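I've put the structures underneath this note.
Shared between the two complexes below is chain A, which has chain B as its partner in the first and chain C in the second.
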Partner chain A sequence: MDARTIIQSLTGAFSEAISEAEVESPVRIRAYVDGSFAKEVCQYLKDSLQFDHLCSVCGVDYPKRNELEVVYHIASYDHPVVLTLKARLPRDSPEIESIVPVYWNANWYERETYELYGIMFKNHPNLKPLVLPEEMLGEWPLRKDYEGFPNRTARNLV
Partner chain B sequence: MGEVKAKKTNESKANQEEEIPGVITTTTSAIHNFLKKTKAQDLINWGRKNSLWFMTQPMGCCGVEMIATGCAHYDTDRFGIIPRNSPRHADVMIISGYVTKKYLPALKRLWEQMPAPKWVICMGDCSISGGPFYESYSTVQNIDELFPIDVFIPGCPPRPEALIQGFVELQNKIIAKKDRGTEY
Partner chain C sequence: MEEMLGSNEMIVHLGPQHPMQPGPFRLNLRLKGETVMDAEVELGFIHKGIEKILENKTYLQGITIVDRICYLVALTNEECFVGCVEKLAGIEVPERAQYIRVIVEELSRLQSHLLGMGEYGEFIGFVSMFMYTIKEREDILTLIDMVTGARVTHTFLKFGGVRDDLPEGFKEKALPVLNNLKRVIDDYEEMFNTDRIYRERAEGVGILTADVAKSLGVSGPALRATGVPFDIRKNEPYLVYKDLDFKVCTDTAGDCAARVRVRLNEMRESIYIIEQCLDRIPGGPIFPVNSPYGRRTPVMRVPAGEVFHRVEDPRGEMGMYMVSDGTDKPHRVKVRGPYFPTLQALPPLIKGTTVADVAAISGSMDGCTSEADR
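So, the complex of A and B:
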């Protein structure tokens, strides 16, 4: 299965949800997905296109466009193609369906994306901060307008 | 009401202690404070400086050097420096890495679990000033305000020899009665 047939299969199955699907190289493809279809698209990728391995879930902040993006990197054990799947979310109420029922290892990835960007993953089994303390919830430190960085309190710099 | 009751029970306990016939009772800190003024403290300090057991509590990449120091190659037993796995056995806590805001409560708890006399050594740039993470949103800065730190060992990470030298400096401070672990 090569990159072009994967793109054709994906756009054929979800003609409304998938946009800007492109082939970057024989091993890298990318696509934007409508946030409300993320789980169905992931289910289709896993069941029909042999994308078994979710590499990462992360977020990107675009304050000028007033958007947050969730980025999924999904790969396969059967073919060499890596898919970069992105979803655009509004910055004031970023909500997307959790993909934990499809890829179980998304659990901690989504928790970390939640604590750093404030993206709510709906129907996540255990959505609480992963590495940050509970008190820092609501500060969203990796958003561009976060004011706690840089922290200038260090005194005895070596 | 609860406070008053608690005070009463304390008083009755103190009375009971005084009522034992033929026995002069005191508190341990009274003996402790008396000994500090005498030559006996020099002997006690000599014993303390030669049994600086440190807590194996690695927090970052300096922790690897700390564990290497505890291994056979450097033979720190000749200084009486032995790694211990429990805070209740340890005399020295080595802060060997950046302290994140999430880890600080656990570190404070470990410090409180250690029995006195106890000392702290700051190992590496991260614990002294934050190191590469000095502007980070999630690390605690200025650890010296939170713990009574005796020795700072700069380096990224410091060699095991530097850590041993830090222990020797701590021994010198204990002998000179200038350590911050004991109040003189």
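So, the complex of A and C:
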């Protein structure tokens, strides 16, 4: 399955939810997805386009645009194409539907993104901190305006 | 977990410090007698904030930081980080440098598999195994030390090439070590095939099927032991892997013994790759001649953009997502380590087994908590 077919299939099925889809190289595709459709798009990718392997879920902070982005890297065990699916969220109340029902291993990635960026994943089965202590919750350390690094560490907080 | 505690059940914490663990993490087991009813992993005991640190260091300083994600596979971590920057900045790596990189990375795969197997032997009570493999690993580390000047954290790769050329007489020193290793791998295989206690501890324990492994997001030897030929070196070749002859080792059983068999066969393939590289390595520069990023440029600005680069780690698929905003520091680096999803898959895998098998299953995954936590 090549990159162009995948893009056509994806934009054809979700003409309103998918935007700025582009082929970066024969094995890399990029697209933006409307946050409220993320789960449906992932389900379609898994069922119809052989994207059965979730590489990672992560957040990126863009303070200038006052936005947070959730970035999904979805790949396949059969073909080498990796899809970078991004969803823009407002910085003050970031919320998106969890994709754990589609990709089981999104669980820990979403927990990590939640504790580092404060992005709420709705209907996540167990949304609590993974690598940070409970006391750090609400600090959102990977946001660009976090001032704790490197002077305030977990030890000073406890 | 306490709320769900039934009659005749108890909770046992394995860790954060426990002999069966590759690094600190806590495994909470809900037990009924000897049987594991439920399990939960707690992480964060060795969280270093590597992703935040990388955002605050220049690209050149970042190479030393990614070494510390997991010291065992420092060279593949560097390859992933350096590969991201090379893709963003459009740097072509000279062929000789690519061959040198393949040689040191395959040597690093050999030593990682050797230590992983030794640790696995130790976890299931076969302590002599560790003594055998650590001896051979020392020889491999000496070879890596000859090239990079360090045993574990190398900082050897540079954007566009490598730091140093192969030393004089490297091939003559390497070939006897590799030939000896081939013989030793045959010995290990015979030992595993004939040792009754080892076979009872490893065969039929912790069985993963291909469908389950895929749905859990596992990669690397644990996935290939279920029969899925997923290897980034073949699926999405980087460096000169597309010119080299090697096969992706798979197995069908999917149990602990199969994972060890896959690692043994992968070591044979790695030796074969290194031999090919030593024969075919061309002359020429080890660093691009007309690169705007000189070998010692302290400040390098990388064009704005984003890239997701994957390499094959000894443990599976290692990926990094790098966003550059045109300054001398990356805007965001996401490290997608191979052991993170494998560790996540541990609770469903050990559910229903006995406590004694927990160590065997967890050990056969050849883990590195440092990389899962970052």
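As a working rule, the second predicted complex is superposed on the first by the 151 of 158 C-alpha atoms of A that agree within 3 Å, B and C clash if a C-alpha of one lies under 4 Å from a C-alpha of the other, contacts with A are read in each partner's own complex, and residues count from 1 in each chain.
We take it that contacts are C-beta pairs under 8 Å (C-beta built on N, C-alpha and C of every residue); 3 or more make two chains touch, one makes a residue touch a chain.
Bear in mind the structure is a predicted one, so any value in this text is a computation, not a measurement.
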item	value
First (chain B), second (chain C), both or neither touched by A:Pro141	both
Chain B versus chain C as contact partner of A:Val131, first or second or both or neither	both
Residue contacts with chain A in the superposition, chain B compared against chain C	C
Interface residues of chain A shared between complexes with chain B and chain C	131-133, 141, 149-150
In the complex with chain A, residue positions of chain B that touch it	100-102, 125, 128-131, 134-139, 141-142, 144, 154
Of chain A, residues touching chain B in the complex	131-133, 135-136, 139, 141, 146, 148-158
Touch list for chain C against partner chain A, complex	43-44, 47, 49, 51-52, 56, 214-217, 219, 228, 230, 235-236, 306, 308, 310, 317, 319, 321, 323, 331-332, 334, 336, 340-341, 344-345, 373-374
Chain A residues within the chain C interface of the complex	27-28, 52-56, 58, 60-61, 71, 73, 77, 80, 82, 84, 103-105, 107-108, 116, 129-133, 141-142, 149-150
